[in-house]
Structures are given as structure tokens and as C-alpha cells.
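Data first, discussion second: the structure below is written as C-alpha cells.
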Amino acid sequence: MPAQPPRSPSQLGAMFGATTAATFLNLPAATIAEGAKANIAVFGAATATPYPSVGAYCAGAPRAIRDGIANWAAARDHIDFDLGGRMLPDGVTAVDCGDLAIDPEDAAANRAKITAAARTLIAGGAVPVVLGGDDSVPIPLFQAFEGRGPFTVLQVDAHIDWRDEVQGIRLGLSSTMRRASEMGWIERILQIGARGTGSARVADFEDARAAGVTFVTGREVAMHGISAALDAIPEGTDLLITIDCDGLDPTVIPGVIGPAPGGLTYWQTVELLQGAALRAPIAAFDIVEFMPERDIQQQGALVAARLVANAIGLIARQRFQSKDE
Amino acid sequence: MPAQPPRSPSQLGAMFGATTAATFLNLPAATIAEGAKANIAVFGAATATPYPSVGAYCAGAPRAIRDGIANWAAARDHIDFDLGGRMLPDGVTAVDCGDLAIDPEDAAANRAKITAAARTLIAGGAVPVVLGGDDSVPIPLFQAFEGRGPFTVLQVDAHIDWRDEVQGIRLGLSSTMRRASEMGWIERILQIGARGTGSARVADFEDARAAGVTFVTGREVAMHGISAALDAIPEGTDLLITIDCDGLDPTVIPGVIGPAPGGLTYWQTVELLQGAALRAPIAAFDIVEFMPERDIQQQGALVAARLVANAIGLIARQRFQSKDE
Amino acid sequence: MPAQPPRSPSQLGAMFGATTAATFLNLPAATIAEGAKANIAVFGAATATPYPSVGAYCAGAPRAIRDGIANWAAARDHIDFDLGGRMLPDGVTAVDCGDLAIDPEDAAANRAKITAAARTLIAGGAVPVVLGGDDSVPIPLFQAFEGRGPFTVLQVDAHIDWRDEVQGIRLGLSSTMRRASEMGWIERILQIGARGTGSARVADFEDARAAGVTFVTGREVAMHGISAALDAIPEGTDLLITIDCDGLDPTVIPGVIGPAPGGLTYWQTVELLQGAALRAPIAAFDIVEFMPERDIQQQGALVAARLVANAIGLIARQRFQSKDE
Amino acid sequence: MPAQPPRSPSQLGAMFGATTAATFLNLPAATIAEGAKANIAVFGAATATPYPSVGAYCAGAPRAIRDGIANWAAARDHIDFDLGGRMLPDGVTAVDCGDLAIDPEDAAANRAKITAAARTLIAGGAVPVVLGGDDSVPIPLFQAFEGRGPFTVLQVDAHIDWRDEVQGIRLGLSSTMRRASEMGWIERILQIGARGTGSARVADFEDARAAGVTFVTGREVAMHGISAALDAIPEGTDLLITIDCDGLDPTVIPGVIGPAPGGLTYWQTVELLQGAALRAPIAAFDIVEFMPERDIQQQGALVAARLVANAIGLIARQRFQSKDE
Amino acid sequence: MPAQPPRSPSQLGAMFGATTAATFLNLPAATIAEGAKANIAVFGAATATPYPSVGAYCAGAPRAIRDGIANWAAARDHIDFDLGGRMLPDGVTAVDCGDLAIDPEDAAANRAKITAAARTLIAGGAVPVVLGGDDSVPIPLFQAFEGRGPFTVLQVDAHIDWRDEVQGIRLGLSSTMRRASEMGWIERILQIGARGTGSARVADFEDARAAGVTFVTGREVAMHGISAALDAIPEGTDLLITIDCDGLDPTVIPGVIGPAPGGLTYWQTVELLQGAALRAPIAAFDIVEFMPERDIQQQGALVAARLVANAIGLIARQRFQSKDE
Amino acid sequence: MPAQPPRSPSQLGAMFGATTAATFLNLPAATIAEGAKANIAVFGAATATPYPSVGAYCAGAPRAIRDGIANWAAARDHIDFDLGGRMLPDGVTAVDCGDLAIDPEDAAANRAKITAAARTLIAGGAVPVVLGGDDSVPIPLFQAFEGRGPFTVLQVDAHIDWRDEVQGIRLGLSSTMRRASEMGWIERILQIGARGTGSARVADFEDARAAGVTFVTGREVAMHGISAALDAIPEGTDLLITIDCDGLDPTVIPGVIGPAPGGLTYWQTVELLQGAALRAPIAAFDIVEFMPERDIQQQGALVAARLVANAIGLIARQRFQSKDE
């Protein structure tokens, strides 16, 4: 038999009846204003406040995450076995508002856009699902919840992100959790997955502990599973969930700038999302720090996209039930 | 010290006394007719019924799996610690019958060849071990067992494969389990590893449930281990074991067309094979959907080959004991 | 937004304030003689006794391991969450003595250099931490402990390394554990991670068993965790720890010559080191068989370097406490 | 030192400042009518429909369960570490309505009283917490929910209780789950803990399966923990939880008529209650089949009472949160 | 309501339709000669070679074990959830041959009777299931297998029983495993559950190790589960299973002479039996060292009887399948 | 066969060659002054500061614990499988100094005697192993370490014991940990096993948290094992280990005044002791709150005694090694 040349991705996709998806899993496209009328609204934010020395190194992530799952877009309404049913139950609406017009040179404008977009969605009753972007993106996202709450931040990350400033910048990716701790509407912070070394100077860690942060380290997750983290989620306080892709193991998502061995597995992360959804309403979800240039065969993009799909499915189930009752 | 240039694979292989193996682990080469006189007979089948849109995208797999373990061919009679001894106990014979002459343009002929080869082996008392090929290969393989049985199909796969037809084709890789359910000599079907989305339309899944299929999802394996699957294997019913490489995690076997995060680990799969071998005789084993073009440094090829080696060792032990008793 | 070009590694490193590290994590550089005055002294050994057919195929490893963690050098005194504090507590000194001048053509000289360097360090009270090189390096390293002891060798490896000779060479990488068993100052040998096939002829394995070696196979670690290995460590006997990178899973450290699926995870290896450090003093640590040419995006180099960092941190804690008491 | 005579229970209780409690943990006493105004209302039911051959053999249970925890009544507002806080958060009210006037000779009247009491409580917004009584008690309790729902029954029991009739009686303790399956307002039934032999004739078990019951056997709980049961609880459907004391292991609650080794542990049962409370509102809770005559040193009474305390605390947290939102 | 007097056991039994069973679970009564025609034959042996200082302290055990499960005799053909079906599949016969006529004063005669009874059963094709008696009973039972084999002894016990003699007696309960090791037809011995101190002098333990015994201690079972024991069972060698009741935890079977905390749970023991039955045919089963005088509310008697029921069910399944094939 | 009357305990003991032991496991008897010359010295303390309302309700415990293991005294030098060897390695000495002359009416004198006895032992280099007594005993025991340290207290208990006073008494059993927190030589407190309700008023718990106590609740131990507790033990700080018998599960030690379901198992407690011994020297060990009147068939006494034997064996190994090095 003559050797078969490998088919191109589009040929493979065609088998499943799929094409490259313009939106996440071919969800309906929408403006932010239209998104506010949906139950769930996805949007991308390439960065917020990049450090000049590295720039917006995750700028390609929103597109790469959508592409990573494009082959499965035609299967969007099939059973998702991780969710135990279709991602979107009947009657729940989800849309993709595309990417905000980010300019790496104008951090203040970026932050304003992110906060404004999220505020519009929240005001309309939609839950924002944000595709970052580096880890400076959650700061203006959290800002959008001012005047509401109280909230619990649930972060997955290899690093603690408690620097007060880096290179004179106080709103960059190494300061995210310290800034969150200063927002009055955020009552509690859980940080999951810290391991190895990183930005954690001793004094920063002590500040975090003094501020009442609960840490569940990567080693604790490896030894005891995700339940210690789940036990720390207070019921009845809405959740702001933020996933830094380096919180997962580098074998699972290779495409990150600061890999650290010993991270969460796919199932530990899914179990965390599912357990969190049982305990409290998810008010926002973001995934950041995916760096497509370092991905391998789109493996990490697919994992990131699957986490987004799980998050959408869980939020949809929360909304659906609250309508019913 | 001057830098050492990396050695070529053949140099490395030479260290272990190995050369590229023409057959799986340098087992004796044989025709199918000769293979029928052995206890175990390996053969390759590049495809059976490919979908025109993607073609025989796994055609290179039989060769790639043999190559993936070629460096260890000289160690074939050393201790295999996964099996707790040599792969082939004294007195058990295993051969490699090479690859069937497959023509991607003539699916009917392919199926006839696969069924005929397997029937010849079975009639002679040999257990067929088949290197696919895409997931259309098991259909004609199962067909070869008509008139025998009853059998239990034990499938590992990320997807359920219960489409009735795709693109007008009813014997393609998305329909394998539905076709198996229609064979009178197959009494029971266990499907292990379903996760994420795939071909599983709600109606297909309901059909599978109605047909009495036992599903152990990827999440269940992750949370509870493989024992739930093992408990569902009826003792005394011969097993047809079929491993779709995407049933394993993409980090373990990257080279698949439809990767889904959260798959089985190497040890979970080995434990499944070992536990299955304790419970019932293995009547056939196949491994499909390995796509060499997407493999990374032959990692997946080695894993696939190690699963074949484990299967051969387990079948050998079943045969050896039954001779004794 | 215009696409952002990916930044070079040095730009990324700059973000963390790091530059390419000339020494491991920017530890002070030192000669071997100076290293003897430190508590812990790192040095590299590109090979000891290479087989002519493959040569010094790990010669690039000492440099690659240092490079793999270079981006985190500026974070050396931050909290290391795997260790629960800074790698080096106040008052403990660690240095990097660079690489020995190895000549792949002169194995006898290499062995003499390795033994001499280690003896100098030990005599001064420093614990040697050795960056191999292939698995022939531990033989002259163990030789340096003649006249001391007794010692327990704790090996992590996919293979048992009990050949008496290969190609006429008795001090090569396949004979390491047999040679160790012949050293009078080595009282006990634990070998962890054996799996698949390798050099283990039946007679070699029987010799190892007769010599009293305790084996904990890869499968046992997968099923029961690392505790079975820890239970076998006698308290009060100093440890010589030797990590062959293929003892870890190929998905965790891809860059090895003889990969075998089913190896230890990062956490299992760290847990082994931590548990060993609780039970007995670590007299020496080496990591061998890292092959940079087969690494993927420096993933394996980072893991190897993190294991070295963990080992240094654990030795530091043992030393620090003994000073105190 | 002269021997000290053992103190009487009342002396011991006095140390904790406790006396024999007239009500469960000294909750305020109330009539059923008054109980309807509380959030949670406890009442006892000595039996409903006893089999004449054995009579109301659990008639003493309501009193024995209250006595089993009487020593801790003064600690009712201390931290309950199993709940992570005080049993009753501020603002939640719970009362004990005492025991219904049961007459073992008049089953019809008993059933009417139980149904009426529960209906009164439900109508007022109180959640009934019922101290049985044998396993005939839940039938009239479930009856009280007619016209509401849909509900899921979550049963813990060593036996499946699917007899259609025993000794001509269709509403006795061996028929509870079959009767539940016939109530239109009960949508789903989960039965946890079946083990050994009992009333389960093959045909009865097949009827249960055909009716869609999910079984998680005692062996499955032992091997995989309680999560398989939790996964089967549909969110958004109110729960009727019924605990047969023989569902727990006889070493934990010795006082049962039909002990079966291999039952749930205390923590597995608590974890089941906590996990259930996360997934769906608890509409009623009962505990049955406690037989004081076979208890040992009040061990089983204490366990039963602790399960009641956990249930009250969980219901209180559900109520408290729903008030807030 | 007037208090209900507790019912007598016979009244309770009557509810289940059960009466005191003359035979184990009301199996047909038979002579030993008749038993030889069945598939499985139960008989009791009050002792074999008692130590004079303690006498036949387990003489009441055969009766107590039968009584312990008498209430469930009417349920014998119901589903046994531990076995996943009825204890006896259609077509398998099991009988109870009653108790041998043991005389505590004539050990030689006792041993001869036990060996003869077992030989008669084996010759006829029946598998003996023996209710001891103290731990001297297995010695003449094993003797009955002379001329057959090879066999593996699988022992569960808190103590190792390797004394050469005690009080001049070489065939007593402390010497059972040493005597087994001297029988040529016994190829391998696995001893599970050793813990605390007991008869194990250092020299005795070293003799056992030198004889090739595999020990899996109580601590290893607690930490790793029963799988380490199962891995040591060679396939294809028939099993002689002997359960000393003190191998289980004293909370599970309180009635033993030498209790030791930390023993096997009910499920670990059942899992051991099930796993053993998967790996090799069970040639004989005995349970010894149950001491009714120290039992608590028949808890231990029920556990012992349930283990016997599990053993019968597993042997029945092995026989049934071998008939079929 | 005529029924055998049950033998008396002394007859049973005789079988093992044991007699009632006057000292713990027949260790040599000694005065406190003589004990100071041994490595390990046991003594009993019936109470220290009893509450008048309950008196010295554990006064019988020292004798009951010795009696509980008396049958095994002749086996003291046999292998203890929980320790992996003989309790006392050659060259380590342990004695039993009997019971202090306690007077329940004179608490001040009791405390002085306990402190003095412990001080004498410590001064001589012996490690005190104390058989309480109620939970007031550890207070004067800890007092004996004034001027040494720093120490970590490792407590196992169902209750937190942080009352400031009870009935005007500040040194009673409910205040033990608060008093420990006030001793300058105690640097850290770990409390393991809290569950259910008890003395823990909200303010007391907050005081403990503010004082830096680490709590690992009973639920956490049940879900995650003992490792979370072990991770909190600082290396290099000597340990004062205090076991309240109600920290274990009531099924394991029934004889306590304040039972709480869900306590530690025997193995969890042993694993805690073994893990603690790996991490830091044990400076003192006590076991308190055993109440013989509520024991069942000496089950709890045996467990308590086995914990003492484990503690002695672990201390012996620490001493033995420190001598060697």
C-alpha cells in the first residue's frame, strides 16, 4: 500500500463536520451590549497592563484557545461527558463577544475597556467568561464588581502574585492578588497550586498570610486532592475564578512563560471547578497566561478551551436551576 | 571538553545490541497460515473502511509501533517488570505475520482480508493481536468471531463510537461499538474512558444505554481507578479487547486525531489489561488510532508498543496455564 | 491590535530580574578546594566511563540543567513552596564548582578526577551534589566514600543496572548497581522504579536479589505511592542518592536515552527525597542520564534542576539542624 | 491512693454543665403547630406499621437518641468541628416537638399522625427531622409531600426494602423503597450501602433496577468512597434523606435488628450528608431502625444523635443562606 | 404509648421467616461420604491438637458461626450483594456435614479424623470448607492434600505461627505455618496481617524468611490495601486459604484469644478472597480461632459466617465456570 | 464432645508463658531516682487536678493499661511488627517506676510530685513515659521542662481543651492546651482530632487560633490521612506528645468519658507517632483519659498499651541512633 500523506487540520476537522470556529465553539457572535442580554458572555482581552520588558506575550491566547477546540465546534450540542450532559441546557444562552480592542502601549485604556465591558455584562445579568491575556487582566475584571459582593477570589496559579510593584508598575501580572486583597468587595482569597520558587519574597508571603489568604500548595493538592481547597470555599459568597495556565502542570499546558513542575492535572482542575460550582455562584471566570508560542501541537490550547467549556457548562447549570426555583 | 555530537538512533540502539526490528520485538516472522500454529499472532492492518474525507490517516501506525520499541528487541527475553517476568514463558510461541495488503480505496476487500486473517488464526488456536489502523479495523476483526462466543467487548476510548452512519458509511470508525452491539455473538460491551465531547449525540448515547452498554467515564477512572471497570467484566466470557489510543491521555500518546484531556494513564491501562486477564480469557486484542505524524519523539509509539507487549505477555500466561491444567 | 512577536528567552528572563546563570541558581562559583569549605558543593561531570558505541551522550547535561533553571536564579532566596521556605536557610553555604575537565577518551582519568573531587569535598565536610553525565558517573563517586560508612544507596531508575560487563567494560552505565554492591562500605541498596524491559537478564536480577537489594518497581510506586520505598530506608545509615532521569516518567523528563512509560512523577520523586531526608543524612546526591538533545522546550531540564534544588534544600536543612543541636 | 468509685452518668454530665435533656440537645420544646413556625422541627415516631411478629421493636429509639447526646446539650452552641461552626447559625430556629402518640396496634392511625404532623410542618415552612421508629416510618413521612416536588429519595441501608408485601402487610419496613417508587412526587431513588443478603429476592432487585433506582453498594463505598453516590444526586431536586441505622457498620451502631458487616463509617455518612446538602435542598430527614436494647454503652445512640445534629446543622446552613440571598 | 418489651431472637428471626439453622445457612445436611459428591462441603472441627494449658477453647466455634448467620438462612437464595448475585448459582451443590467427633484428650485421633474427612471430600471432587477450632486444625487439613499440588497457603493472621514446638507439642496452634512449610506439596506461603508482638521470636521469623515466605504485615495492608498480597499469589497454583479470626481487627471480631489492634477490615478480607479467587482455584478454606465466649452480641460470629458465605460463593463460581468451559 | 468451659485469663496467659505483669510489659521495676539512669522511664499518675464534680475518674488507668498487655509480657523481646523489630534494641534501657502517690484531695501536691518526678528523670537523661490519669496530668508534666526547649506539643484529642477555668479551677483537664500555650518553653502546639462539639466555645477557639495553634480536625485526618499533621511538625524542636484516649475512635478505645465518633484509628495514631519520631526527638510521652470502667473486654486497654509500646520503641530507636553517631 502506498503511504498516505498526512491530512491538513482542515481536512481532519471536516470529518467531524467542523470548520475553524470564528467564535468559541461557534457560539453566536455578539457585541458586548448584546452579550449583556445573554446568560453567559465570552470575550477576549489580550493584555491589560503589560510589563514593558516582556510586552503582551499572551496576546495571541484568545484566538489560540478558540482555535484549540475548533474541531469540536460541531459537537457543541453533543453530550459532554465531563459535565454529564450537553454544555448548554435548553433555555440557557451563551455568546462570544470577540476580543476587546487592546493596545499594549496604553494600559490605562485597556483596563478601562475591560472594566467597562465586564460592568456592562454584569449589569445585564450575564456572567463574563474572559480569555486573557496575561495575569494583569483579572485586576480590571475584578474592578468591575465594585459595589457588589461580597466575593471570594479562587485562584489557580503556580505563583502567588503578591508583589507590590514591579518595574514601577503596580497593576501588572505579579501584583494581581495583592491588588485583589485591597478591593473592599473581595472578602476572601483562596490561592491554589503554589510550588517551586517564583515571585514570593518572604515578606510578600507574610503579607498574604496576614491578609487572611488561604493557600493550598501544589504539594498539598498532589497529596490530598482538591478537597482541602473546596472546604475553604464559603457557601453563599459569589466566586471570581481566575485560572493562570501555569497553575496546571507543564505537561498538561506547556505554553506558559513560567512553568513549574508539579502542577494540577486536568481532572483536579475540573474537580475544583465542579466543586466550587456546588458551593457558590460563579460570578466571573477568566483564564490567563496561555502563551501559544510555547504550546506543543495545540495540546495546551485544547486543555485551556476545555476548562472554558467546563466553566460555561457549570455556570449554565447554576443559572438554569436558579431560574427554576 | 569538546562537545559530543548527538548519536544517531542506530548508534544508540547498538548499545543495547538492538537493530531496527523487522517484526514486533523481533518475534519470528510468519505468514498468517503459519501464525495459526502459534499461540499468539501479531498482524498489522493499516485501515479497514476509511472515511474519504480523511483517508487512512493511521496507515503508518503498524510500522511506527514496531519501530517504537525496536531498541528493546534484544531485551525481549529479559525480565519485563510490568509483567513480573519474561514476556513469553517457555513453551509459548508468538509470531509477527507482518501487515495485510490494505488498499484504502477498497474497503470491502480490506474488511474481507482482516476477517479472513483473523478467522485463520482463530481456527488454528492462535490469539490475534492486531496493530491498526483507524478505529474501523475492529469491525471486521469482531466479525471473524461469528459462530463462537459469547464475547464481551472491552473498549478503551475517549469517544463512544455509536454513530449509525457518517457520510453514508456505516462501517467507519465512528460506528464501531454500534456495529459490535448488533453482532449476536457479542453479549456485553464495556466502554471505558469517555470524556469531553465527541460524536456522542444524545440519541446515540441513549441507544447505547438501552443496548445495555456499561460506561465507565474518564472522570470515573480518574476518581476511582480502574476497579469499577474490572468489576463489570463477567467471568467466563471471552474478551475482545480494543484500545483506541485516544483513550489514553494526550500527554501519554500525543499522536491521535481526536485528543481529549483527562485520559487513562499508562498504569491504569496496564492495570486494566492485567485485571481483565485475571477475569476472562483474551480472545483478541487490537490497538487502533495511533497517528505517527502527530507523535512526539516516538513517545506514543513506545507506549502503544508497550501495551502490545503487555497484552502478549498476559495472553501467553493465560495459554501457558491452561496447558498445564 | 497588531500581533506581538514572541520575546526571546533573555527578554523573558529579564522580567524576573534574571540572566543566564553561570552557576546553578547563581550560587557562588568556587574551586573544588574552596567547595570543601562550604556545606554543599555542586559540580558537573560530563561522563566517567562511556561505552565507545554511544560516547558521552549526556555531556551537555550539566550545562543544560543549570540553564533550565536560570530564569529563576534571581528568585533563589524567595520562598520555595516545595521546601516550605528558602532553599538555603541562613548560615548554610552552597557553591558551584563548575565542571570537571572530562575527556571521553580517557575513562580512567575521568574516574580518578571524580573520585578525587568528591574526596576533597567530603574531607572538608561538604556534601557533593553531582550533575552527570551518564550513569557511569556514580561509580567513581561512590568510590570516594571508601573508608567511611556504612552507606545505603537509594537509586531511582527504570533499569536495574546489574550487568557484569558490556562490550568488555565493567564500569559503564549498565553495571552501576552491581559495582556498588561490591563496595564494602555500601551496606544496603534500594532500587526504585524498575519497569518494562531493559538490561535485566534473569540471572542479573537473581544476583541482585541474592545480594539483598530491595526493589520497589514502577508499578508498585504507581499503585501504593512512595511509602514502600521509604519504609525500606534504614535510619542512621547515611544515604547516597542517585537519580537516573529515566526513573521519572518520559512525559516529565523526555530527554533520556532509554525512556520507559510509567515512571515516577515529579511529586513522587520529591516526596522520596523529603522522606529519605527525614530518615537518614544525605551524604551525596547525583542526577544522571539527562540528554538535552531529546529534551522538549527545556521541560526536562527544569525538572532535573528542581530536583537538584530540592536536594540542596533538604541537605541544607539537615546540616542546619545538626549545627544547632 | 484509695480507689475512686466510678461516678454516675449524671455526675459526669454535671461536669459539662449538662443534665438529661428533655429535648434533642435541649432545643426549645414545641407543639407541632408551633414547630411549623420554626425553620427546623424534630419529632419522634416510635413506629408506623409494625409487623405483628416483631412489634414496635424500635419504640425506644426517639428517647434513646436524645439521651445519647444529652451530655453535650450544654455545648450545643459551641463549635461543632464536623460542621465547621455552631450547629445553629444566628437567626435559624429549631425546636423539638416531642414524640407523636403512637399505638403499635393501630397502624393506620400512626400513619395518619405522621403524615399530618409532617404536612403541618411543611406547610409552615419547617423542615421535619424525624426520629424513628422502624423503617415503616418513612412511608407516611414521604406521603406528606404529595402535591409537591419533584423529590429524590436518598436512602442509606444495608437492605433494599423492595418487598411488595410481608405477612400481608404492604406498608411495613421491608417495602419502604417500593412504596416510595410508586409515589408520583418522587422522581428518583438512590440507595446506598446494600451488602450481604437480606430481603433482596432476585425479582425484587430487578424491579428496582427497572424502576430506575441507582444502587451504590457497601462494597463500592468501601472501595471508592461516597463520591459515586454524590454524583448521582440531581441538582435542583429536593432531597428526602432516610438513614436506616443498619446502613452504618455494626461496629459503629451495634443496636440494629439486621446487622451486616461492611457498612458505612461515621465519616462516610457525614460526608454523604454534607455532599448532598451542597447539591440540593434537604426537604426532610429521618433516621430509623435504631434498637436501643442492642446498643453498647450508648455508642450507637451517640452516633445516631450526631448524624441528627449534622443534618440539623446542614439544613440550617441551607435555610440561612437562602434567607440572605 | 406503653413501652415495648424487647423481642427474643427467635421472634426477630421469625420476621425474616428464619429459624435457628441446624446447618450453615440451612444447607442440606450430609455425611462426609455424601458430601464428597457435592461441589462444596462444610464441616466443623472443634480442635485438633490443643495445648493442655488452654484446652479446646474454640470448641464452640462451629456451632456459634452457624448460629451467627441463622437469621439469614431463609435469605440464602436472595442476592448477596458482596458476591454480586446468589451465593450458589444454579447447578452448584453445597452441603453441611456437621461436626467431626472431636475429643480434646486424643489429638492424634482428631488429626486422623480431620485428614480423613478432607481426603474423602477431595477424592470425590468436593472442596472442603472447615469451621475450626483453634489454629491447630489446619495442620491435618493441609495433610490431606499430600500427593496433590503444588499448593500455595494463603494465611490471614495477626501472628506468624512459626514456633517449632510449644510445651513439647509440635502440631499446636503456634506451629501451623512451620509445619506447612515442611510439607512437600506446599510450594509457597503468603502470610498476611502480622502486627504487634506475638510468638515471633527473631529466629523463627528468620527461619520463615529463609523458607521463602512472603509477609504482608498489618501495617502494609492498612497503608496500601490488599493488593500487595494479591500480587504475590502465583496464578495456576491451587490455594489453601486459612483465616485466623485474630487476623481481622478486634473491633470486627472481638472473640479471639490473642487480639491485636490494627487488623484487617471486613472488606479487606473479602477483597482478599475475591482477588485470590480470580488468580487461582481455591482447594480448601478454613476459618479458625473464633472464641464465642469473648464475642459481643454475635458480631464476630456474623462476620466469620459472612466470610464463610463469601468463600462458598467464590468457590461455587470457580466450579461453575470450569464446568462450562 | 463435651463442651469446654471457658478458661480464665490467667490460664490463657499461661499459654504464652505470661503472668500478670507488675510493671509495663515486665520492664524492670525502679524508683524514680533509678529511672533517671535509664534511657526511658515509665510512671503512672492517677490524676493531677481533678474537678470535684467528677473526681479522679481515670485513677484506675495506669494499672488497667499495664494489665491490658500483660499477656504479651513474655513476648516483649519478640519481633514487634508495628516497629519492624524488637521494642528495645540492644543497649537501650527502659524501666517502670510504678505509680506516684497521688491524693485526689490534694491537687497541689499531685502537681508537685508529677513535676518533680519528671524533672528528676529529665535531669538524668531519661525520657518520661507517663500513664495518666485524666487530662490534667500533662500540665505539671510540661512544667517539668521549664528552662529547656523550645518544645512543640503534639496533642491527639477530640476536644481542644482551651477553657481558661472550669468551676474555678484553672489547671484542670479542660484547660490543658491553654496552659501549655502560656509556658515560655513551648514554642508551638499542634492539636489533632477535634470533632463534634465539646468544650470549644467560639472565643476559646479564636484564642487558640490567635496563639498560633495548628489544628488538624478529625475530619481532615479521615479524608487526607495523618500527613497534614506531620507536615506541621517543625524539625529540630523536641516533642512533648500527649494522647487523650478520646482522640481515637470510640470503637477502638471505648473507655473514655467524652466519646466522639469519627476519631483516629489505631494505624493513624501509630503512623503519627512514627512520623513524628522521624521529624524530631520525643522528649516526653503521656497517655491520658483512659477510663477502665467503660472499657469493653480490655480492648481499649490493649490499644492504649500498644501505643505506649510503640512510643517506647520509637524513643529507643532515637536514643540508640544518637548514641551511635
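By letter and in written order, the chains are A, B, C, D, E and F; residue numbering begins at 1 in each of them.
As a working rule, a contact is a pair of C-beta atoms (placed from the backbone, for glycine too) under 8 Å apart; a residue touches a chain by one contact, two chains touch by 3 or more.
Because the structure is a prediction, the values reported are computed rather than measured.
Novice: Which contact partners do chain B and chain E have in common?
Specialist: The common neighbours are C, D.
Novice: How many angstrom lie between the centres of chain A and chain E, each centre taken as the mean Cα position?
Specialist: 58
Novice: Could you please state the distance in Å, as a whole number, between where the Cα atoms of chain A are centred and where those of chain F are centred?
Specialist: Going by mean C-alpha positions, chain A sits 50 Å from chain F.
Novice: What is the distance in Å between the mean C-alpha positions of chain A and chain C?
Specialist: The separation of the two C-alpha centroids amounts to 37 Å.
Novice: For chain E, which residues are shared contacts with two or more other chains?
Specialist: Only 223, 251, 296 qualify.
Novice: Edges wherever two chains touch, nodes for the chains themselves; is that graph a line, a ring, a star, complete, or other here?
Specialist: Contact map by chain: other.
Novice: Going by the contact rule at the top, pick out the chain B residues touching chain E in the complex.
Specialist: 84, 231, 235-236, 278-279, 317, 320-321, 324-325
Novice: Could you pull out which chain F residues touch chain A in their complex?
Specialist: Touching chain A from chain F are residues 220, 223-225, 227-228.
Novice: Would you pull the chain C residues touching chain A in the complex into a rising list?
Specialist: For chain C paired with chain A, touching residues are 1, 3-4, 6-7, 11-12, 14-16, 71-72, 75-76, 78-82, 86-87, 251-252, 265-267, 270-271, 296-297, 299, 302-303, 306, 309.
Novice: Going by the contact rule set out above, which residues of chain C touch chain B in the complex?
Specialist: 46, 51, 53-57, 59-60, 99, 101-104, 166, 194-202, 205, 217-219, 222-223, 250-251, 254, 257-262, 291, 293-294, 296
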